[in-house]
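Only one structure is covered here, and it is reproduced in the block below.
Chain naming follows the written order as A, B and C, and within any one chain the residues start at number 1.
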Amino acid sequence: MLSLLEVKNLKTYFYTYRGVVKAVDDVSFELEKGEVLGLVGESGCGKSTTAYSIIKLVPPPGKIVDGHILLSNGDGTIDIVKLKDSEVRRKIRWKRISMIFQGAMNALNPVYTVGRQITEAIVEHSDMSKEEALERAKELLELVGLEPDMVKRYPHELSGGQKQRVFIAMALALNPDIVICDEPTTALDVVVQAQIINLLKRLQHELKMSMIFITHDLSVISAIADKVAVMYAGKIVERGSLKEVFSEPYHPYTQGLLKSVPKIKNPEKIIWIPGLPPDLINPPKGCRFHPRCSRAMDICREKEPPTVSIGKNRYVACWLYKEG
Amino acid sequence: MRLDELKTRIKLFMNEFRRYKIGIVGLVLLVIFSGIAIFAPLIAPYEDYKHWNDQTYWEELPPAVPPAWVNYFSKKKAAVQYEVENPPVEYVENAHIVTVEYDFNYDIPPKDILVKIQTQPLAKPAKITIEVTRPDGLTILIYSSYDLYYGGQMFKIFLGGDMSSRNLLIEFAKQYDTEENIASIEGREVTIDVIKILFSKAEPGILVGTAPPLKGKYIFKIKIPSLVYEEVEYLKVVFKGAVYGLLGTATLKRTAVGRDLFVGIVWGTRLALLIGLSVAVISTVVGVLYGVVSAYLGGWVDEVMQRIQEIVASIPLLPILLLLSFLFKPTVWHLVTLMVIFYWTGPVKTVRSMALQIKEQPYVEAARALGASNWRIIVRYVMPQIIPYMFASIALGVPSAILTEAGVSFLLGAETATEPTWGMILSDAYLAGATISGYWWWILTPGILLTLTGLTFVFIGYALDRILSPTLKK
Amino acid sequence: MASYKISPQNAFKRNFLEVLWVATARYILFRAINAFIVLFIVMLISSILFNAQMEQQKYAEIRETVAAMMRNPELVSGLNRTEIKQLEQQLTNELIEQYGLNKPYWIRVFYRVKDIMLLDLGHTQNPGLSQTGSTKVSDIIMEALPRTIILFTTGQIIIILIGLFLGLKAAQKAGSLIDRIVGFASMISYSLPMWWLGMIMILIFSYKLHWFPSSSLSALARGDLSTPLGALKAYATAITLPLITLVIVGFGGWAYITRNIVLATLQEDFVMAARAKGIPERKVIYGHVLRASSPPIVTMSIISLLNSLSGAMISEAVFTWPGMGRLYYIALQQGDVPVLLGLTFVTTFLYVFSMVLVDLIYGLLDPRVRVGVSSST
């Protein structure tokens, strides 16, 4: 059975005057229909870039240099990487894959009303008239728990949480197959965060949405994701179901991450991972994590570990593990 | 942010600056202009500049002629300035004849011929005549003195303007020209260029200036009675060029006398830089201090200071400046003061918000907790961060100041100025009809220099701005 | 910075309009009062400065009037020398009283300022300034003002169109050739004296090429103003050179300001969001980006516009375009004080109230200001 979205060996590099930044370096994962994939990692590990690559929105000097992004389409698939920009814009963006940005504070244009920004997306991709689109916009606002009259408001009149809800409503406007959430709660305070997460969970459940949820916050992931992929320095180091990865992490990095989350129930000493993420222009030779890994072996310093399958839909990229 | 940190910052900054070629260009230009300004006395005599408006001083120069190097670029060569002092003399029956040889190998004749004779006081008035033998063999009497000369002062004969020489030359020309042409100049004799007649071929058209030039050796004989000659101290003949100097000449208002533009331009550099820099520096410093203090004192003092600044900033500069300049006939320094009074408002708002931001920083709070006084905090913490902005602001303020002064000078005219600025030179140019008479050298040079000086500071300011506003870097 | 937020729970129908009106009106009112204060101060200072001169003129006028009256034979018949002198004195004093010249200094100044603020600008000695021969300063200025406005406004519109377009393109392709050109053009804008460029233009296009007349006045004089086509042609010929000069010097500044602001806007998240929504790039740029950048572009550009006003006025003198600038030039050369004062008033007025206009426009463009987000500038 074809996955809804399959990312294969994606490479996105940034060609800056200081050098080539290998932000996404050979990343692969699948997303099934109705699933929530959580993409976890530190800031700067390439999560957002991966997301942007999926809808080909990588800003220059970035470029997708290799790989495939296969979106299922009827009986076959489209490789988004191979599509022309105009086709991506017309066929993929918002219609099939939409995105919720971090910090909706700035993701909404301050000089346009909220309603205008929603209807704009609808009108662009469908045959609806402006009035019909406005009706739809009002419906969407209700869906996310806002007053439909808000269509007349300007973004600066809304609170942070409200703005994010607006954005969620907007993202759902065209009933996309996939919604990518790029750190949607990071800029909000904890109480609002919980509200938004609950909203997203509810919507995902009701509408059977497929989501890619990007965050560095493990607790958020555990609340919403079905599958998890852990990213480090532009590569995916571990993949699996939420339960599997969180209860039995294989990669030392994942283990370190989980250990650094403080627990309420069984308070232990917090152990953090020493060192800093590597420079992506000149990443370390071999496994990119080896300078910070307590279990680094000689081979880790020399060769990059391949991604091996160690169970059903369970993958790890570490020399500690072998296939099977 | 401490002072030694500031020094390292400066070093880093200099390295950054090198990256911006345009800033380097600006610096180079600045060095050149400063050089001209500083070494002005060595390049062009101060005496010349001081006597810019002195008619007698400049009498030997032709009015409104292009620079000498124009000859390299044109097919028609213009006569260059030729001066002979105390030329050879021979004694011939009771008179001394001063001989001046002039090689005329040009297409365009000199603008005028000036003969200057200085003698001691004379017992009897003298009658002086001038004769010239042309290459075509014709010998003409071109001057016979009407003015009786009593000596004791400089006797000047402007052959182009003197009534006696004009009549003689016109009569000479009439012999060779057509009836038509003679009739056509009836009543318009004053417009005839008699020097051109002197140097033209003796054929039809000579009277109206269409006859071709007569090239060759001209021999001028100035006959001075011997009694007079004994008393002669000094004699000079000047053939005023149809081109002159490095930059050409600018006519002195309402005269037929020109001034060496080179002098005016070189010395004008000083004024331009001085005005620009003083206005920019003083007004920026005042504005910055005003903004910082206002931000720092806060409360109602801040409010009042801001209202005052808004009101002053709303006053339009030019009308007031013109009004005041008209009343007081100001010197350049009055203008500077007035401009400062208006310009200081510029940086205030930006500096104030910068200072407010810095005020909220934790290290300032920490310093205050340690007992630092307001003044100390301002000097050690606030100012070092504002100083880079201040420099960019100064750099960008200079062109504006220079142009404003030039504009005001242009409108007001240069009547009272003994030492002109570029703006005043342009004002003269306009009034002399330079635009409609095609005196391009008079218009181009001051203007190009004004623009270049402006650009110098704009380049520097642009580089400074780029370095200090990383948000715009891509 | 918000002074207060409207919570969505309020029914905002009536409230919203009220709030909108009060917030904007208050803001604009504040700026308008500011403007009046400035105008008043300027005219006060000018009046004080020129007081001596104007009164001298008035005294001279009085002397002339009295002298003329004294020549009337009926009046002086039968009077001896002393009596004649007394009569002269008496008439003079009456006139002095009539003109209010015997009141204390500050009252005299105040009255003059009051007159000006109420638009009574007095008379000039020079009848040649007005086309109709009127000596009323207000007439003279009212003739010149529209001409300045025509020239300047047309020029600004062209500058805005070119500048916006180039600025947008330069921001989109930052670092490219067009970006560098815009940068350079703006530097030229800033350092090139407009009136000097005018002189050069006349030199090239009038003296050398004979394409245009050297003076706008002569162009207008030569033209056939009786027919609309003829008038149009005459005006077109007269306005072309000054207009080109204005545009060449002006577009760089606008383009650069636009470029900078748009560049900053382009970094904003909502631009990325708009693209993610699948909006075509053209709509993103000319819709979202331009619209969001317009408030700061407008303010900065109008400020630069006002600054270029002085250059434009001087250029009028160079081209003898019969507007306010040229009037200034003549008034300065001839020492015509009433006209100068009147010009100062009108120019300051225009200047100061355009700034109020800027605030209004800013308020229209930026909804954050409209609803009282920033109560202090």
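General observations
As a working rule, a residue touches a chain if its C-beta (ideal position, glycine included) is under 8 Å from a C-beta of that chain, and two chains touch if they have at least 3 such contacts.
Model, not experiment: these values are computed from the prediction.
Annotation: B-C is the more contact-rich of the chain pairs B-C and A-C, by number of C-beta pairs in contact.
For chain C, the chain with the farthest CA centroid is A. Here the chain at the heart of the shown protein, by mean C-alpha position, is C. The mean-CA centres of chain A and chain B are about 68 angstrom from one another, to the nearest whole unit.
Between chain B and chain C the centroid-to-centroid distance comes to 31 Å (mean Cα coordinates, whole Å). With each centre defined as the average position of its C-alpha atoms, the distance from chain A to chain C rounds to 55 Å. For chain A, the set of residues that touch two or more other chains is empty.
Counting partners per residue, chain C has no residue that reaches two or more other chains. By the touch rule above, chain A contacts chain C in their complex via residues 55, 57, 59, 89-90, 92-95, 98-99, 101, 103, 106-112, 120-121, 124-125, 146-147, 149-150, 153-154, 156-158, 162, 167, 170.
Taken in their complex, chain C has these residues touching chain B: 34-35, 37-38, 41-42, 45-46, 49-50, 53, 174-175, 183, 187-188, 190-193, 195-197, 199-200, 202-203, 206-208, 214, 260, 263-264, 267, 306, 309-311, 313-314, 317-318, 328-329, 332-333, 335, 340-341, 343-344, 347-348, 351-352, 355. Those residues of chain C that touch chain A in the shared complex are 2, 5-6, 8, 12, 268-270, 272-280, 288, 291-292, 294-295, 365-368, 371, 373.
Put simply, chain B touches chain C in their complex at residues 310-311, 314-320, 322-324, 326-327, 396, 399-400, 403-404, 406-407, 410-413, 426, 429-430, 434-438, 440, 443-444, 446-447, 450-455, 458-459, 462, 471-472, 474.
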